[in-house]
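Consider the two complexes below, in which chain A is the common component and chain B and chain C are the respective partners.
Now for the complex of A and B:
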């Protein structure tokens, strides 16, 4: 049986709403906590799609404001890059970014 | 799915040079400069990859290079976002299973 709770919140790591709500009920109440217990936001896209959704789910379920729930800063790289770009500043993968 | 030949605002689809790409071994005609995902959608390819955990089919989702749902193996390199990668003549595209395969000793 599938219902609304089986919808994917993190598409990359295939984490459902049910799993995220369970984690919140167990006391994990920031996006960073949820990431560490469910892997949501650790996939290929690095949370570009789900960070804000998860923040809202936590906020609605716990009543905390979004500021307290969201990560304090974004870590680089903001766009996916090949490791070559870290090694060599000249390397520009513009075709693929 | 097929291409929009008559767009209500953009008008008729202009003529464009054709290139050939190979999708899972089959030659497919593509419009030069378009994204790989556009070609595949026009040919009606049912899915681009299967997911790692549940082995479910995935295709285009965001279409702007953020979500990575449309990744495929392109010229032997897995996890290439097909919605933001332009076709090139002779490109080899493969449906990706899970994280894909780097092909042994390839150090790229």
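Now for the complex of A and C:
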């Protein structure tokens, strides 16, 4: 039997709503915490799809405001890049934050 | 609000959670405090190795053997597979000089009981078919293993919690007071006071700041490591691989290894390990840049360039992320483990540099032994924080 709890929230790493809610109930209450304990957001899209969904799930379940649960920083690259991209001149001009 | 515990562990990284787990298993009421979230420090920004081949014969190598055995028992004790894998490791050799140095080093390690050998190019290519032609030989050890640091930390926390351990996150320590030899009063950001006879300083890279609160000298310096992570790809070889350059530098300061300007200034030496998520983690730099844990374009570019020189096939593979962490490094390359002379009840368990994952279980177990006054293990004298006490 499947129900709503078996829905994939992170499709890249196939993490379900049930796993995310379990982690929240164990005290992991930021998107970054949830990523590290469930792998949600660690896949190919790097959370571009699921970050906001997970933030809302945490917020609804804990009552914390969204800006407290969203990640504080992002790291390069902003989208997947072939390794050979570093050989391009433009790579040197990329800005890091 | 005041809370009391038998032991307060400051730092909820893999070392602090291991200490908390082993102490609570022995019946202590333990609180673990962390200033950030889950694995916000070095434990969440590292590779995943229980690596033998990087170690000179001595206490670190000896403890790695014991830690590996503990990991095997933790697989049952903590439940779950912890991402444990035993792929073995190879150190890649690029020229005759490196070969001679590595042959001598391997002989030393073998005499210490490590199962490791130098293999020729043909054998090497059987295990790693995609290596560049300029690699002339390699070492091979079947011992090198790995775990998923996140799974281990969560395992320690779950099991520790079942013994009564409690973890408080996002609540950093702001001060430690003590009247005479009474309990420590540890105050935190949210105003709580934790009262305890025993404090464990397991704050990793930040352990010096905690030590300073009780006038203990804890000389730990952050050494930044940047890592690049690939997309999921099929295995490119049988084992994890490292470049011999770092080891050669460490073993023979008189030898100038072949590194370009970027690689030298970043302290870069290749480590390519397959993670439990079927991605590759590729590192790593060794930079002294204070507490700045950002990744840099120069770092990412240098790591990838070095990787493509060794495994050109990876040109077509996507990298999806970069991370950086701050290794807690000490002046002599050994951790601090033990009670501080003159500050009864204050222990430090920190300074593992790049060996935190490998040595976490044995560190927690030994620390718990010390706190519980088991017979003294003389081997650990050389890890005592008192070697750095100011006289």
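Note that in this section the second predicted complex is superposed on the first by the 87 of 97 C-alpha atoms of A that agree within 3 Å, B and C clash if a C-alpha of one lies under 4 Å from a C-alpha of the other, contacts with A are read in each partner's own complex, and residues count from 1 in each chain.
Everything that follows uses one rule, which is that a contact is a pair of C-beta atoms (placed from the backbone, for glycine too) under 8 Å apart; a residue touches a chain by one contact, two chains touch by 3 or more.
This is a predicted model, so every value here is computed, not measured.
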item: Partner, of chain C and chain B, that touches more residues belonging to chain A; value: C
item: Chain B versus chain C as contact partner of A:44, first or second or both or neither; value: both
item: First, second, both or neither for A:22, with chain B first and chain C second; value: neither
item: Chain B versus chain C as contact partner of A:76, first or second or both or neither; value: second
item: Which superposed partner A:59 touches (first chain B, second chain C, both, neither); value: neither
item: Partner chain(s) touched by A:11 [first = chain B, second = chain C, both, neither]; value: first
item: Footprint overlap on chain A, comparing chain B with chain C; value: 13, 43-44, 80, 95-97
item: Chain C partner contacts - residues on chain A that touch it in the complex; value: 13, 26-28, 30, 32-33, 36-37, 39, 42-44, 46, 75-77, 80-84, 86-87, 91-92, 94-97
item: Chain A-touching residues of chain B, taken from the complex the two chains share; value: 51-54, 56, 58, 61-62, 65-69, 71, 79-81, 84-86
item: Parts of chain C lying in touch with chain A, wherever the complex brings them together; value: 37-40, 44, 150, 154, 158, 167, 169, 230-232, 277, 294-297, 300-301, 304-305, 307-308, 314-324
item: Chain A to chain B touching residues, read off their complex; value: 11-14, 43-45, 48-49, 80, 95-97
